[in-house]
Each structure stands twice: as C-alpha cells, then as structure tokens.
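Two complexes, one shared chain (chain A), two partners (chain B, chain C).
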Partner chain A sequence: MALFLLRRTTQMIVVVICVVTLVFVLLRIAGGDPARLMNAADASEEVIAATQARLGLDQPLAVQYLYFLRSIVTGDFGRSFHGGYEVRDVVFAALPNTVALAVVTVLVSTAFALLLGIGSALLRGTLLDRAVQVYVSLAQSTPSFWLAVMLVLVFAVNLSWLPAIDFTGPISFVLPVITLMVALTPILIRTIRQSFVETLERDYIRAARARGVSNARVLMIHTLKVASLPLITLVGLQSGMILAGSYVVEVIFNWPGIGKLAVDALASRNYPMVQGSVLIAAVAFVLVNFVVDILYSVLDPRIRLGAEA
Partner chain B sequence: MTGAANVTMNSTPLPGRTPRVASSMWRRRTAVVGLLGLAFIVMVAIAASWIAPHPPGQTDLSNVLAPPVWAGGDAANLLGTDGLGRDVLSRVIYGARSSVLISASAMLIGGTLGLITGLIAGFFGGIVDTVIMRLGDIQLALPFILIAIVILGMLPERRPHHLILVLGVPAWIVYARVVRSRVLTERESDYVQAATTLGASGFRRIFRYILPQVWGVLPAIALVDLSNLVVMESTLSFLGFGLSAPDVSWGQILADGRGSMAMAPWLSIIPGLAIMFTVLSINLAVESPGLETRRRLWRLPSRRATRPAGDTHPSMKPAGSAALEQPEDVLLSVRDLAVDFQAHRDSPAVHAVRGVDLDVRRGQIVGIVGESGSGKSVTAYAISRLLAPTARIARGSVHFDGTELTEMPERRMRRIRGRRIGMIFQNPTGSLNPVLTVGFQMVEAIRSNRPMGRKQARALAADALRDVGFGNPEDVLRRHPFRLSGGQNQRVMIAMTMVVEPELLLADEPTTALDVTTQAQVLDQLRRVRDEHGVSVVIISHDIGLIGEIADEVVVMYAGRVCESGPAEQVLLDPQHPYTKALLSSVPTPEVIAAGNLEGIPGDLPDASAIIPGCPFAARCPAVMDVCHIAVPALLPVPAGQTVACHLYTTEAEVLQR
Partner chain C sequence: MRLRRLAVLATGLLLVAACSPSEVPGEEPADAVEDASEAVDGDEPSGTVRFLIAENFWADWTPYQSTAQSQSRLNHHIYDTLLTFPSGDLGDPQPHLATEWEQIDDDTWEFTLRDDVSFHDGQPLTGHDIKASVELASGAAGEETVLQGRWVPTTVEVIDDHTVRFEMESPFASLFNAIRQTPIVSAEDVEAGSERLAANPNGTGPFILESETETIKTMVVNPDYWGGPASIDTLVWEYVGDAQTRVNALLAGQADAIDRVPPEHLPTIEEADGFELISATASEQVNLFSVPNRVPEWDENPDLRRAVMLAIDHEALVDSLVQGESVAAQSFLPSETLYYSPGEIDYSQNLEEARALVAEAGLEGLEFDVWAASGFLPRGEQVAEAIVANLNEIGLEARLVTADVAGLVDDSVDGTGLLYHISWSSGGDPDAAAGIYASPNRWTHGDDTIDRLVQEGKTTMDETEREAIYDELQQYLWEELPHIPLYYSDFTVAYSDELQGLRVLPNYETNFYPASISE
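Up next is the complex of A and B:
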C-alpha cells in the first residue's frame, strides 16, 4: 500500500509540474508582454521597462520559470489587471462555489444513475429498460450548453419558476445540476447496468444465494460492492467532463465559480487571473483523479494487496 | 484418454444463439438510420454554398429577429433572422460546414497520429513503448478543456485550422492505446510469427499482417471520437473560443441568439437541434454490427425465468417412476425432473435435463456421474432452485423431507437454501465474493440462517474453519478469498456451508479445479461431514473413479437422463448399461495405459435441443437394436441389483422382435 501510494503521488506531482509548465509556456508564447498590457498603450519605454523589472520579465526565461514556480508554491499569483485585487483571494473565493456545484452534481448524478442503472439491469427487456435506453441515447446527444439555454428558456423565461441566473441559495442549484447531470449520467447508467448484469451472473452471487443470503443483501452488498467499482473510476474520469461542463454552466447561469472566472479573464486578457484560475482548476482536476485512484484501491482489495505483494 | 471419450470438465449447456441474430437485425436498422443522418449532414456541409439561400454573413438591419415561417415569418427567411438580420437557415447550413470540416479533420489528425504512435509503440516495444505510453498517461491526466480554452483564448483570431489542431492532436492517445494493444496481440499470433520466421521484414509485417487487423477497431473509436469533437467544437464556439467571424458555427449562432432568447427563442433552439441531430446520427452509426466497440453496452434482454402454471410440455415417457420404491429414510426424492433452457421466446428450447429420478437417503453419499452436458449440474441447480434466469423446470417433482420444492414460493425456498440444503461449487475461489473477507462472508452466511450475534457467529466461523483443518482460523477470517489457494477456498466453502448444519449437501464438481493432493483433502472433509453430522451428500463429478472412491450410491447420467443407478460397488464393478461400461473403460488406469488400449466412446452427445424418440445413447451404443431408436427405455431393476434404463433389459425389445 505504501509503495502504491508513493508511486501514485510521484505520478501526480509529475502531472502537476507538467500542467504548471504548460501554463507558463502558453502564457509566455501566446500572451504577449504583460508589462505592455498592464500599462496604458502610450506608456513610455521607461515605464514599461520598470514594470518588466518589477515583474521579473527582464530576467532570462529559466529564471522567470523559477520565479513562476516560487509564486505558485507560495500561492502568490499576483494582482488582477482589473481592480488590482489579489488573484489568490479572488480565486479562493470562487473555488468553493465550483466545488459545491461539482459535489452536488456528482452526488445527484450517481444516485440517479444507480437507480436507473440497477433498475434496468434487474428489469432487463421491460418497458423501463427501453425507456432508460432512450434516455441514455438522447442525453448523450444533447450538448450541455444548449440544454442549459433551453432550461433557462423554459423554466426561467417562460415559466418563471426558477431563477435563471445569479446565486440565490439552494434553488439556484437546480438548473445547473440538471444540466451537468444530463451530461454525466448516460455513461454512468450504461456502465452500472452492464456491470450489474455481469456481476449478477457471477458464481459468487449464485453461491451467496445458495447460502441462504437474502436477496436484499445479495443486491446491496455482494453485487453493489463489486459492480460499483467501475463507477468510481468513471466518476474520476468524468471529472474532466464536470470541469468542462462547469465552464459552460457557470457562464450560462452566471455562477460565481472558477470556470466563469477563467472565461471572463481570458475574454478580457487578464493574465494573472487566467494563470491563477487555470492553475487551481488543473490542480483540482489532478487531485480528484488521484483521490479516486486511492479510493478505488481501498475498495478493491485485489489492487491494494496486489500492489503490496 | 482419446478425444472421442471427451469426459471433461462439466459445464452448463448454453442456450441457443438465436437472439443474437434478432438483435443484430435491430442494430443494423438503427445503424442505417444513423449513417443516413450522417450522410445528410455531410452533404449539406459540402453543398453549403449552393443550397444556402443567402450568404451567411449578409446583414439586413431592416429585418432583424424575423420569425421563422411556422411563427408567421415569410419564405425569404425560412428559419427567420438573427439580431443583425442574418438568415438563420443559411447560417445553420454554413455551421454544418464548419462543424463537419473541423470535426472530421480533427478526427483524421488524431487518428493518424494515434495509429502511427500506436503501431510504433506496439511494434518496437521496450523503451519506445514506455515513453509513448507514459506521455499518453500524462496527457490524459491533463485537463484538456482548460488547455484548449487557454490556447484558443490567447489567439487574436481563430481560423478552422487552429481548432482542428487544438481538438485533433490530443485525441491521439485514445487511438494509440487501442492500436498498440491490437498490435501486441497480433504480434504474438501464429501467422505473424510464421511470417517472421519466414523472414518478412518489419515494415512488411506491419503493413501486410498487422495493419489489416488494426483497421477493424478504428472505425468505432473514430465515430465515438467524432461525436465528442462535434460537441467540443460547438461548446468552444459557444463560450467564445471557437471560430471568429466571418466563419460561422452552431455554437456561435446559439451564443449570438442567447441575448434575445425571450423574443426570438428559435435562435437558441435551432442550432441545438442541428448539433443533437448530428451527434445522435453518429451515436446510432456506432451501433453498426460490423463495428467492434466497447461502447455497445446495452446487452440483449433475456427472458426471465417463469414457471408457467400447469405447463404441459409434450411429454416424453416418464422413465419408470413407478418402478422405484421410496423407503422411509429418503431425504430427497426427485421424480421425472426436466429442465429446459430458452434464451428467447422464439429460440428453440434446449432440453438440458429430460427426466431424472434420484433418491438420497439420510446420511448417504450419492454420486452423479456423466460427461459434460449430461445435465448433472443442472439437476443440482434445479433441486436448489438456483437455475439461470433462462432455464425453467419443465416438469417433474423434487420432494425434500416431504415438501415439494418445485412449487415453493421463493420466500420460503430461501429459508431452505443454505439452512437445510447447502451447496458447494466447482470453482471455489469464484464462489466467494472477491471484495469481501472470508470472515464477513462466513458471518453473513451464519447470521442469514441462525439468529445469532456478530461476535458469536465469528467464533462459530473460526471453529468451523478449524474443523476443516485450518490451524490459524482467525487469520483466514481476515483474508480475502484471492489470498487463499483453490483448495483452501474449497475448505472455506465447506466450512461455511456446513457451519449452519444443513441436512443435504449438494457438491457440484467440488474437486475438479483442484490438484490431486488437495482433492483428497476435500474428499476427506466431505466424508467427515457425513460421518460426523449424518448429512446426506450429493456429489457431482465427471470422474467416475472419484465417485467410486466416495459414493455409496452411483447415478450415471447421459444426455439429461439416468441410464443406470445403484450401489456403488455394484454399478462400478458389474455395470449393466452399455454407456456405463464404455465410461468405465475410458478411465485411464495404470494397467490400461501400459497396455496402450485406452478406449474412447465414439461419437458425440446428441443435440440438446432435439427431441429424442428413443434411447439417447443409441447412436453411440455398441449393442444398439432397432427398438432403441423408437422407444425410450424405462429405468427398471435388473437381476444384478441396480436399476438400468436399457432395452437389453426391457420387454419392449422382445415384443418388437417377435
């Protein structure tokens, strides 16, 4: 287990360094000179040179890279071009909103997918199974941003049931979560259904029934525990999808999270803010995958102990 | 043992393959719909400049937000106009062009890169392979959408080739992984090995032998990739990181129209429907039967097992049930039991068990012996009502201690399973849940059948493990089944089953998966179970030698019927049925092997879905007579002491020959 943890941690650190470096390179190549952007267009060369010196932009690229790394480690991402706020403060204020949205989405989606997936696995070939299959096909073909716009159109504009935009408490979660859920659940449902169907046919399920174990226990413990393993990996793999989805959803629903922050910052070329928000999102993404891997190995003793042996 | 004897591992007969055909028909139909939809989109994209009524960027500020025709608009702008008076239909058509161009090109780039890297990684292996695959791992761990947004967001102007590169390149790893694993498998295959031996050069091998195999998997992955790309492209456009004007894309139309959502909802609805139509078409096309895909997860529904009330199967002659008497200490009595498998309503039924009679007395060990497919395991599963969903008991009765089991509701049956009828299986490791510890499963088994606290159950479990010869029961309880050997797991299974003290133990090939020394241990345990607890045991095996070693009574099965049964010594030393004789002579004993005249049984088991009018063994029987093909022989006692179902001992033969 220790070895496994060590290996995964190393891997995670490598990936984080890659992300960080990539962001650095992208900003330096594509971003232009921040010193010029920070000053008025007609600023004198002296002023620009002074800004460059202050930002360390007159140093060789390697030195800049090291400064960049230090600023990340210390959490100092600089100040926003607009309003002069500490990027760190803005980013960390936005992060909980994105996390809350992601967590609620994952919980709701998983519960929903378990219900439909297990239901259709147990009732194979029935009307319910067919209906779930149709839902999966349609949901898979629906682009999130369009669904989000449609939801706003129907429930906020036409029916005025729910707030369209702005964060006004729990009710604000409804439309964004539905949007993300429709994007996440098709694959989840397919996987759960398949995994359940396969597990139910295993020898140990029949053996458990032969031992007189009740149906409820066979389903909830013997089948679910094995069948839910792929689900965990999937949720991890889908953190990318949640991330992508949250960008769309945050922009459409005006959700004050990291995604909206990054998109707005890019649109207004606010580089320190882009850097800060992208880095945080990337690190969160890598971390989630790391946690999922660990969780998977804890739940599946074959992996945990296999790595140890 | 010769091939013809084929007395090998037992397996449950498989139901017919007919449903596959039905499903592939259905799949072909959905795939055709998908491909037609896809073709339509591609045609619209190609013909955009001819079929679009207006140039996509032509503004007309005198005609902004004109409604589509169904909402009272005029025919000049079928789908209305947007906030700048641009024709929506024309923009959607040009949007299709952007979408198809970008997605298809990106797919080609990713696919080509992936194919090349996958081939290289798989073919050269070693350090090249490691580097390529590690790079892929790292790339997959990167948040793609973020990087795409940053790159595109930094560009002052975005043209199609920018999007093609940003979307296309990262997909390489998906293709590369699949191609690589294909190459690895193919490289090991016989014909490629043969080509290597014959001196085919590396590149020749790739192009001649490996590439054609790899082609097979690519279309499905490419289509899945394509549907993701269509969504990604429009999502980026919607967020404002897609194509810059004057290029048009669906996401952009929606983003433009969002501001006037309340007044002009069609601006938001129409581009979304176009995207949905495209993605749905691709997803349906993936279902094409020719495509190998892991995405096709919706397996066919199988018919749930139901036992129709009063089902009257075209009955074959019950095999002499009246001839057998039923002494008082009989615990289990099976009469004329028949089991059919039917995967689908329209597929032919497979008659796995065709009428079995069986008696088990208290404290007796009964061995059922027969070839694979003789129906012996299915009989055991039918007794404990654990048949697969596709199987059903067609007729017959199972009396257990005076109660009829075939008619019993599942609720009551559950109280008999485990508690009164225990069962152990051929694959001990597979019969224990891999993610739960031995202790958890034993405690669960005990508490499912006996009202008892957790602690008490655990102590009982430890005792039971000690009983089957574990010196360190506490340690075993903490372990997961995969940490134990097959023999240890089988002993755990026995302990787990016996700890609740059932009256009958059904053992289905309990030693087949084990090595010889472990076999002996397990057989010892089964014998002890009977000797010390007075439990009746039904042991099922294809190994007649093993049965002879442990059983008091032997039942020989062939093609779902009993052909001979009686006391073990009697049946094994003086067999009367030609099949039993053949079976015994196919057992390799040292003398026979030394003499070099090991006999097989020529021919194969009869087709399990056929209705056999006569003796099922007739086609392979050395003593076959005319009557054997037309009448089922009844199971009758013979002077030697056992009961035999063979026309050598019935009166029909004489009647017919007269």
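Up next is the complex of A and C:
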C-alpha cells in the first residue's frame, strides 16, 4: 500500500507539472501580449515596455518559467495582472464553489442514472425502457449552452421560480445541475443498463436466485457491486471533467467557480490567474482519479494496488 | 442500521453546508447585498444597485495608468475632477472641484478650488493635491503614464491652498478633455508611492470603495460628500462578459442595470414591463484599421483604398448586422466629437466602380487578411465576413481571420494582416479622436499632412481656427482613406424602472450619483 501511494503520488506530481508546463508554454505560443491589451491602442512603446517590466514580462521565457515553478513550490501563485490580487486567494476562494457544483451534480446524476439504468435493465423491452432510450438520445443531442439558456428563460425569467444567475444558496444549484446532469447522464444510463443486463445473466446470479436469495439482495448486493465498476470509472472521469471544465455552465450562470475564473483570465491573458486555475483544476482531476483507483480495490479485491498486481 | 441512517443524515447536512457559496475575500455574498437594501427613513441613502458590465476591470487603482472604459467609470464615482461636463459637451464645463477658472495666456490657466472638500481618509483637498495629480498625469513628474498622451506636460504652481496655476509646455486646446480624464488624488498618496495608490483608491468622490475582487467592485455612499450624499447606499459593479447572462439577470430581477445590450435583445427588453433603455451612439468609431508596410499596394495606391470603401455596403452592415442605434460613419471622427464634419465624397456602395478601380490598378487577385475578434464588437465576425464577401466581389482575394481580441492585437503588432476590425473610443474630444491617426503609433502611415493637422488641432487655441483645422483634417482623411471607416457603435444601457435618475452621456459616462432606487 505504501509503495502504491508513493508511486501514485509521484505520478500525480509529474502529471500536474506536465499540465502546468504545457499551459505555460501554450499561453505564450497563443500570443496576445497582456501589456498591450492593458494599454490604449495608441500607447507609446515606452509605456508598453514599462507595463511589461511591471508585469515581469520583460524577462526571458526561461526565467519567467523558473519564477513560475518557484511560485508553485512555495505555494505562492503570484499576483493577478489585473488588480494585483493574490492568485492563491482568488483561486482557493473559487475552488469550493466549483467543487460544490461538481459534488451535487455527480450525486444527483448518479442517482438519476442508477434509477433509470437499473429500471431500464430490469424492464427490458417495456415502455419504460423505450422512454429511457428516447431520453438518452435527446439528452445526448442537446447542447449544454442552449439548454442552460432555455432553462433560465423559462424558470427564471418567465416563471420567476429560480434565480437566473449567481450562487446564493441551495436553490441556485437547480438550473446548473440540471444542465450538467442532462449532459452527463446519457452515457451513465447506457453503461449502467448494459452492465446490469450482462451481470444479471451471469451464472452466479442464477445460482444465488436458485439458492432462494431474495431479488432485492441479488440486485443490491450481487449485481450492483459488480456492475458498479465501470460506473465508478465513468463517475470519476466525469467528476474530474466538471471540476476542470464546467466553464460553459459557470459562465452562463455566473457561477463564481474556477471555470469562469479561467475563462475570464484567458481573455485578457492574465497569465498568473490562468496558470493558478489550471494548476488547481489539474490537481483536483488527478486526486479524483486517485480516489477512483482506491475505490476500485475496495470493490473488487482481485484488483490489487500496484506491486502485487 | 441506526448508525447508517445517522451517517446518511450527517452526510446530508454536510452537503447542505457545502451548498453555501464560498466567499471570495472582500466580496459580499449576494444575499448580503440584498440585506444592504433595507429601507431607510427620510432622505438617507438607501438601496443597493447592481450594475453588470461587459468590460472586465483591467487595472489596479494606480491613477493614470489605464484608459479602459470600465476603470474610467469606476474612477468617476470614487474620485472627482476639477471640472465636470454634465451634458457630455466638452465646450460646456461646469464647476466641480474648481469653482472658477480663467485662461491667463496661451499656456497658462488658473483654477480656484472649493474649500469644503475632503478625501475619503479625511484629509482636506488643497492645491498641493491638484499639483501632484496633474504633474503625475501629464508626464511632468517624469513618470511614464498611459494618460500623458491626452495631456501636454504641465507643471502646477500652488498660489495658495485653494488657487493653482497650470503652466503648460505648449498651448493646449484639449485641456478640458484632459481634465475630464484626470481624477484628483491626494498628494500624500502620490508621495507614498505607486503601491499605495494601486491598493488604496482614496478620492473625494460620492462613493467609497468598500470591497473588491477581480470581477466585483462594491462601493458605499460617501456620507460627507461635498455635493451631498448620493441617494444610493451601495453600488455594486460586476463584470459579466456574456451578453445573454447580463440580459437574463436583468429580466429576472437580479441586476438593476446592464450595459452593452446586444441589439438583438433590444426588442425583448423594450417589450418587457418595468425596464428602460438609454442608447448613446457616436462616441466610438469602428474602422477597418490598416497597418502600414504590410501590403505595399495598400500604402501606395489610393485607388485600392477607395475601391475597398466603395465595395462595402455600410448601410446594410448597420441595418442588418450591427443594428440598434448604430450609424454608418461619415467621417474619421465620431459624430458626437467637437468640430465633427462629415466627409464630402459619397462612398455609397458601388461595386461596378470599385471593380473598375481594382482592374485599372491591375490589382485583381491581390491577397490580404482581414482580422476580426470574436466576443468583442457586437457581431464582429459577421460584419467582417460580409465585408470580405464584398471585397472578393470586386476582384480582390481577401481572407477572413478570426481570433480573440488578444490574438488580433498580437497580429496587429508583428503579424501579417492588413485590415483589423476594431474600434476607437474618444469621449467627444477631437484630439483624442484624431490622435490614433497620427504619428507615432503602429497604426499610422507617417503622413505629414495628418501629423501636422493633428498637432495644430491640439495646440491652436482660437476656436474658429481650430474648427477649420479639424474640418481640413476630416476631409483629408476621408479622401485619402488610410483606414476604412465603418460605423459608430451603439452603446445601450438597460435598467429596471425602479432605478431612477441614472445618467448615461453620449461619451458613455455612466453616472449613478444622481440616481435613486425604489425599495
């Protein structure tokens, strides 16, 4: 176990360093001098140069990169180009909002997908099964940005039942979570249904039933445990994706999370803020995957943690 | 089993706790903002106004280091200027921090200050504050500032605590515009250095900065304001880049005012009950700006530039794409600019004539790039697409390149494009409007006539002579077409009718000081 943890931690550090390095390089390759964006179009070259010096952009790229690595190691992500705020403070203030959105979305989506997926597997070929298939097809073909706007127009603007924007309390989750849920659940439902259909036909399930084990026990203990392995993989990946990439929903709902922070910062080439946001998103992503690996071994003892495998 | 239920309950409680928004340092959560709008008796300030804006906050509070519109609008609420221009007309200054002003000679002006003004930290305003501010802003203090391009170097003599005399390096006809753009800061803060100025906006204005984040600035009323306290108690400025989100927030009652309403949303807001619109057109000029030395034929052949101008259907761009209150450009200066005079040559679309000009010049098949930025000017990509189609109809081989604003600016500095679809906002001052066409900056072609006329316009004090100079300049630009003028932007603010007295000037200045909000 200790060896596994050491190996995975090393892997995670390498992955995070690779990601932030890639972002550092891509930001510079993408072009767009922040100093020019901050000044008027007719600003003199002297003024531009003074701004570049103030932002540290007059240093060679290698020096900027070393400063950047040092800032990661010291836990000081630098200061925002706009307003001079500590990037660390801003990013860590936004992180819980994104995590809250991700947790609620994953819980609601998983519960919803389990309900429809299991129901659909148990009632194969029935009207319910067909209705679920129709939902899956519709949900898969619905663009998130369109759905989000429609939900706001109906439930916030026309009916005034729910807030259109902001994160002010539990009620604020309803529309963003529905938007994300519609995007996430089709593949979850398909996976659960398929997994249950296959598992229910296994010999050991038949044997359990033959031994007189109740249907509920067969379903909840014998089937769910096996069928949940692919589900955990998917939920793990999707959690990471929401943590790192729910920016469309965050922008439309003005959700004060990391996604919106990164998008706003990218438009103005606010390098420290983009780098800080991506760093935290990358760490969150690898941590979630790490937890998924641990859960795997708990659910299926045949999967050993690393060295013995 | 009971333990499991307890665990489930505990998990549920934790989730509910987790569902409360994380507070950004210094930021009030939205429910706290609502609480701030408690009814207050009598004429006491009351109510919170939330204003969602389309332009991010680009700068810190270091004065004179930004010309961003968002920063300027914030500054006008926290700081005061020497004079004010309530009608937006620079020719009609009104007393503000200065009660009287007099031109002594071409290079010298004297101002008498109010004696009842204090900064937010309690220090009284004196002539030393004016001296520190103006010398820093104008570049006379030896420090590079963004604003110095709107000034000529100016030193200030403090005659007494409430009288100052400006000594300018040369006659300066755009002094009032420079004053309009120069918030007065405290001499003590200037002496303390740029870090203090950057972090501590200490003005004399009607609002005091209470808290701020990257995207939200919260101000509260200054109860000791010399002009009397504002009616609004709390004013929240928030950057929300997505136009649809701003409109949704307004219609859902979560914002009191929004700016840059996209034209396609104007009918929705007009038809909805309880909302008002104010449109200000004619202070922002949208051009296809060209960069010199990219395509020699463009620099050398005026017929090519005329052909491009004739190929574009300006009216159709405005009516079908940009919409709203936009107006097709008739000059290189926006129509709200002092001394505006429309060009005399008619450039209505004439594809036949344009095609003939290209053919006569032997320029059929000339290749060049036209750049447009997504998410910047309303429908910028579609406008550029229509223009490129027009240009290709007359035998040119124009290519459309789209990028974000940063990418476009980058290419304009050291790329290969020829024409860039961007805007220039100037607040009604002819020098500020024309300065972009004169040396030295990367958009200029080093045209001696333009450079001379812009310089003369800046330094000629006689109004009649100055008007003639700007007329000559506009006619010259309209004939030479160093860039391709397109239209004047529509800048529309939408607001709830519970918000009364909001002032939006033709130069986009948005003033909440005279406004009040119903409980």
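The definition used in the following text is that the second predicted complex is superposed on the first by the 248 of 309 C-alpha atoms of A that agree within 3 Å, B and C clash if a C-alpha of one lies under 4 Å from a C-alpha of the other, contacts with A are read in each partner's own complex, and residues count from 1 in each chain.
Everything that follows uses one rule, which is that contacts are C-beta pairs under 8 Å (C-beta built on N, C-alpha and C of every residue); 3 or more make two chains touch, one makes a residue touch a chain.
These figures come from a predicted structure and were not determined experimentally.
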> Now for A:Pro170: first (chain B), second (chain C), both, or neither, which partner does it touch?
Replying inline: second
> Between chain B (first) and chain C (second), which, if any, makes contact with A:Ala267: first, second, both or neither?
Replying inline: both
> Is A:Val157 in contact with chain B, with chain C, with both, or with neither (first, second, both, neither)?
Replying inline: both
> Does chain B (first) or chain C (second) touch A:Tyr65, or do both, or does neither?
Replying inline: neither
>> Taking the superposition on A as described, I'd like to know which of chain B and chain C A:Phe112 touches: first, second, both or neither.
In response: neither
>> Looking at A:Val149 after the superposition, I want to know if it touches chain B, chain C, both of them or none. Which is it: first, second, both, neither?
In response: both
> Between chain B (first) and chain C (second), which, if any, makes contact with A:Leu243: first, second, both or neither?
Replying inline: first
> For A:Tyr85, is the partner it touches chain B (first), chain C (second), both, or none of the two (neither)?
Replying inline: second
> Which chain, chain B or chain C, is in touch with more residues of chain A?
Replying inline: B
> Which partner does A:Asn254 reach: the first (chain B), the second (chain C), both, or neither?
Replying inline: second
>> Can you give me the overlap between the chain B contact set and the chain C contact set on chain A?
In response: 30-31, 149, 152-153, 157, 251-252, 263, 267
> Along chain A, where are the residues that touch chain B in the complex?
Replying inline: 11, 14-15, 18-19, 22-23, 26-27, 29-31, 124-126, 129, 133, 136-138, 140-147, 149-150, 152-153, 157, 190-191, 193-194, 197, 201-204, 206-215, 217, 221-222, 225-226, 229, 240, 243-244, 247-248, 251-252, 262-263, 266-267, 274, 278, 281-282, 285-286, 289, 299-302, 305
>> Quick check: in the complex, which residue numbers of chain B touch chain A?
In response: 137-138, 141-147, 149-151, 153-155, 227, 231, 234-235, 238-241, 251, 254, 258, 261-262, 265, 268-269, 271-272, 275-276, 279-280, 283-284, 295, 297-304, 384, 386, 388, 414-419, 422-423, 425, 427, 430-436, 441, 444-445, 448-449, 480, 482-483, 493, 496-497, 500
> Taking the complex as given, what residues does chain C use to touch chain A?
Replying inline: 15-16, 18-25, 27, 29-31, 56-60, 65-68, 144-146, 149, 198-199, 212-215, 239-242, 244-245, 248-249, 251-254, 375, 404-407, 409-411, 413, 422, 424, 435-436, 440-441, 443
>> Going by the contact rule set out above, which residues of chain A touch chain C in the complex?
In response: 30-34, 36-44, 46-47, 50-51, 80, 82-85, 89-90, 93-97, 99-100, 103-104, 107, 149, 152-153, 156-157, 160, 163-170, 172-173, 251-254, 256, 261, 263-264, 267-269, 273
